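Next, two complexes with chain A in common: one pairs it with chain B, the other with chain C.
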Partner chain A sequence: MTTPAFPEGVKRCGNGQFILWLLPAFLVLLIAVYAMFRVWFYGLNQTNMNDAYGFAIWIWADLAVIALGGGAFFSGFLAYIIGVKNVKNIINFAVVLGVVCYTSALLILGLDVGQPLRGWFIFWHANIHSMLTEVAFCLTIYLGVLIVEFIPVILENPKIQKNRFFHHMAHNMHEIMAVFAATGVFLSFFHQGSLGGVPGVLYGRPFAFREGLFIWPWTFFLFTWSAAAVGPLFTATMCRLAEFITGKRLVKDDVYRLLAKISGWMLLTYIIAKSIDTIYWATVTAPARGFTLMDFYSNNPAYYGIWILIAEILICGFLPALILITQKGRENKKLLFGAAILAIIGLCINRWVMVLQVLAAPLKPFQEEWFVYSPAWTEVITTILPVAYGIILISLAYRFLPLFPQERELNP
Partner chain B sequence: MQKIPSHTKARHYGMVIDLDKCTGCATCMVACYSENNVSFRDDESVKLLSINWIQVYKLTNGKPFPDTEVCYLPQPCMQCDGKDFGHPPCVSVCPAVATDFDSPTGIVSQITTRCFGCRYCMAACPYHSRKFNWWDPVWPADMQNYLSPDVSPRMRGVIEKCTFCYHRFQQARQKAYAEGNPEDIGEDDYQTACTQACPSGAITFGDLDDPAHEVYKLKNNRYAFRLLERLGTNPSVYYLSTRKWVHRACDNYLENEEPAAFANKQA
Partner chain C sequence: MFPFLYEWSWYLGQYLFMGAAGFAISVVGAGLTYCIVMSIIHTMQEDEHADH
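== the complex of A and B ==
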């Protein structure tokens, strides 16, 4: 169907079908909001965290969604700063994904603190030496930038465009968008890095600790690089998923291939750097503290075997990188998106081990047991919340906003 | 990190715990609970949810009877000096300066009214010395009347930890001021509750840098060591034991490495 509220020249499903599509997501959202209020009202005893697992699935989700949302900043960097024109065909979608990821991250952070009403202390009593302070500042400001980037997209709705003020506002905001994109890139480089710094500076935790450059541990740079590499792949994969769900082509294949090529080379350089980092850590950093590599990968409740390192670096690192840098790999859509999914899994594994395996590994030899944790339902459902909320926001944005400039041409 | 005022005498308070004397009676824990208004719950079976500022661990040499040996290890907050004296692992990570390194005493503070419960310090501490208040403190009937007026009870959602009974240091300093000798805080004027409660005299407390204090001599004992010393946390709590397996159980060593006290020596 078409109505004046839809972007010009495109077709959308009927209202009934649209509501039915959103219903499951709303149900999940409802349960998640109930869980959120339980946690806020009764406290963090509603979770399965404990004194060994001060950080758990929420912090992992935070790190993962911010890294995946990195597609917004890196696509913005490519489109507005480097001037790669083709990326503009997917940039609006990347911005919406970024908004979903960053609002979710802040919401989860608000949920994860013991005294949420004191959350403002992080700004008011800021400790400039803390990586978390840097994360909070950059994350909040960057979300502001993302919203500024999102506003002109909203204003492009045909109904809103009829208002002269909003019409001109959208036009003028587009004109100065490069400034915001540059600000966003600057902020993003810092907070992606600071998130890497969060585990990297923990010199009391030999699994996480890394040497580095001046005050920045190597994880600072690795996190930024990996987010820039995998973020655009996530954007492309989500776009492909949207194509699958809507049954329409939304961007031309050369946009996918371009993103895949850039991400492929970045992923390859990242995974080489990550391998060097891992080798140095395993042969110098950890042994200096009395640990061997296998101390962190054996004698534990099954899931932290050496397989996790192989999965992260070889199967979900080198393999997708090698597929994406070859023309044949990029031209075959199944291979391209297979590689993209592997890279996304690899990034999520990396964030998982840098949060949870760090805390699981025993340090005192007289406490040989690994610390075990399984999330409570309140944690699981609130971690799924961003998915449900993302489905709703992206569906609404797709229905009413011109997210894909090529959609009309591709679906005559 | 606070700078030491020029008119203030710098002290470096620390503890030496003789593991060969400790019987594992846990009186130190009881004294600490009482002194510092540490809360507890009806069900304390899940130790990772319990709050204690000093915890006694049981170590064994892993050998079968009759060669089995046991050692009890009381572990308070290690009050780490950290890298470059003043950068404990937990302090620089706190985003809201809710914990700080007090240079005039070497004690790591915890400001519970400033803490907003992000638990980053907990992740940074390799000793698990930092405890989170998962619940609001609930005291059994009448017990509220017996709480110490010197230490504020903590609320749900914040971190707490051992402060080396800092309120006792404040009292000792006030007394010294009142007597006209503000710098004259004697060894006996400031002692922690666990030190005074230990029936076997296993815990010694004082200024690690003052040759007149017992801890100064004990920390220089050949068999003195610190927990997880190789991580570079630089703790202010020392342990004493003549048993090699105890040293090995308290830090991580590669196969070809020996604890410092036993390197090139037969234990």
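== the complex of A and C ==
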């Protein structure tokens, strides 16, 4: 069906079908909101947090969605600052994904602090020596930037465009979008990096500690690089998923191939740097503190065996990178998106290792057992919340906003 | 966050951190203000043309 509220020249499903599609997501959202309020009303005793795991499973979800949302800042950098024109065909979708990821991240942080009413303390009583303060500042301001980048997309709805002020506003915002994009890149560089810096500076935890450059451990740069490499792949994969669900082509294949090529080279350079970092840590940093590499991958629950390192670096690092840098790999859609999914899994494993495996490793000489964690249902459902919320927001945005400039041409 | 708060210290690290944060907020704020002002001007100019 078409109505004046839909983007010009495109067809959308009927209202009934659209509501039916959203219903399961709304149900999950409802249960998640109930769990959220339980956590806020009764406190963090509603989770399985303990002395070893003071951040619950949320901290992993937080780091993962922030890294995957990195597609917004890196696509913005490519489109508006470097001037790669073809990326503009997917930039609106990247911004919507970024908004979903970053609002989810802040919501999860609001749960994780346990006292969201005191959330403003970190800004007002800022401890500027804390990497987490930098994360809080950059994350919050960057979400503001993302919302600013999202506004002109909303204003481009045909009904809103009839208002002349909003029409001019959308046009003027597009004119100076490079300024907002540059600010977003600056903020993203620091918050992605500082999230990596947090484990890297923990000199009391030899599994995480890394040396580095000035005040920044190597993990600072690795986190930023990995988010910039995998973020656009996540955007492309979600776009492909949207194509599968809607049964339409939304962007041309050359857009996917371009993103895959850029991400492939970024991923390859990242994974080489990550390998060097791991070898240096295993042969110099950890032995200097009395540990061998296998101390961190044995005598612990099966899920922290050496396989996790192999999976992260070889299977979900080098393998997708090598597929994506070859023309044959990029031209085969199944290979391209298979590699993209592997890279996304690799990024999620990296964030899991750098926060949850770090917390699982025994700290004191008399502790032999690794800490095992099983999250409470409230943690699990609120971790799934971003998925349900993402489905709702992306569906609404796809229905009413011109997210894909090539859609009309590809679906005559 | 502000010099009148207890935690504030007058040294380089504080200037860099708060300076960078303030700079980012100012750029976004100035950009948005520019867009709003220009949109008002453009809308008013269109109104004037319509009156003629």
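One rule holds in what follows: the second predicted complex is superposed on the first by the 412 of 412 C-alpha atoms of A that agree within 3 Å, B and C clash if a C-alpha of one lies under 4 Å from a C-alpha of the other, contacts with A are read in each partner's own complex, and residues count from 1 in each chain.
Simple rule for what comes next: contacts are C-beta pairs under 8 Å (C-beta built on N, C-alpha and C of every residue); 3 or more make two chains touch, one makes a residue touch a chain.
The structure presented is a predicted model; accordingly, all values stated were derived computationally and were not measured.
Visitor: Does the superposition put A:338 against chain B (first), chain C (second), both, or neither?
Guide: A:338: touches no partner chain.
Visitor: May I ask you to decide whether A:164 touches chain B, chain C, both, or neither, giving the answer as first, second, both or neither?
Guide: second
Visitor: Counting only touches as set out at the top, which of chain B and chain C does A:289 meet: first, second, both, neither?
Guide: Touch status of A:289: first partner only.
Visitor: Is A:45 touching the first partner chain B, the second partner chain C, both, or neither of them?
Guide: Touch status of A:45: first partner only.
Visitor: Let me test your reading of the model: by the given contact rule, A:405 touches which partner, first (chain B), second (chain C), both or neither?
Guide: A:405 sits against neither chain B nor chain C.
Visitor: Give the label of whichever partner, chain B or chain C, reaches more residues of chain A.
Guide: Partner with more touched residues of chain A: B.
Visitor: Is A:198 contacted by the first partner chain B, the second partner chain C, both or neither?
Guide: In the superposition, A:198 touches chain B alone.
Visitor: In the superposed arrangement, does A:366 touch chain B (first), chain C (second), both or neither?
Guide: Only chain B; A:366 stays clear of chain C.
Visitor: For chain A, which residues belong to both interfaces, chain B and chain C?
Guide: 124-127, 129
Visitor: Where on chain B does chain A make contact in their complex?
Guide: Per the stated touch rule, the residues are 46, 48-50, 57, 59, 73, 83, 89-90, 92-98, 114-120, 122-128, 130-136, 155-159, 227-228, 230-233, 248-254, 257.
Visitor: Using the touch definition from the top, list the residues of chain A that touch chain C in their complex.
Guide: For this pair, the touching residues of chain A are 123-129, 134, 137, 141, 144-145, 148, 164-166, 168-169, 172-173, 176, 179-180, 183, 186-187, 190.
Visitor: Inside the complex, what are the residues of chain C that reach chain A?
Guide: Residues 1, 5-7, 13-14, 17-18, 20-21, 24-25, 27-28, 31-32, 34-36, 38-40, 42-43, 46 of chain C touch chain A in their complex.
Visitor: In their complex, what parts of chain A are in touch with chain B?
Guide: 43-45, 50-55, 112-116, 118-119, 121-122, 124-127, 129-133, 136, 198, 201-206, 287-292, 295, 358-359, 363-367, 371
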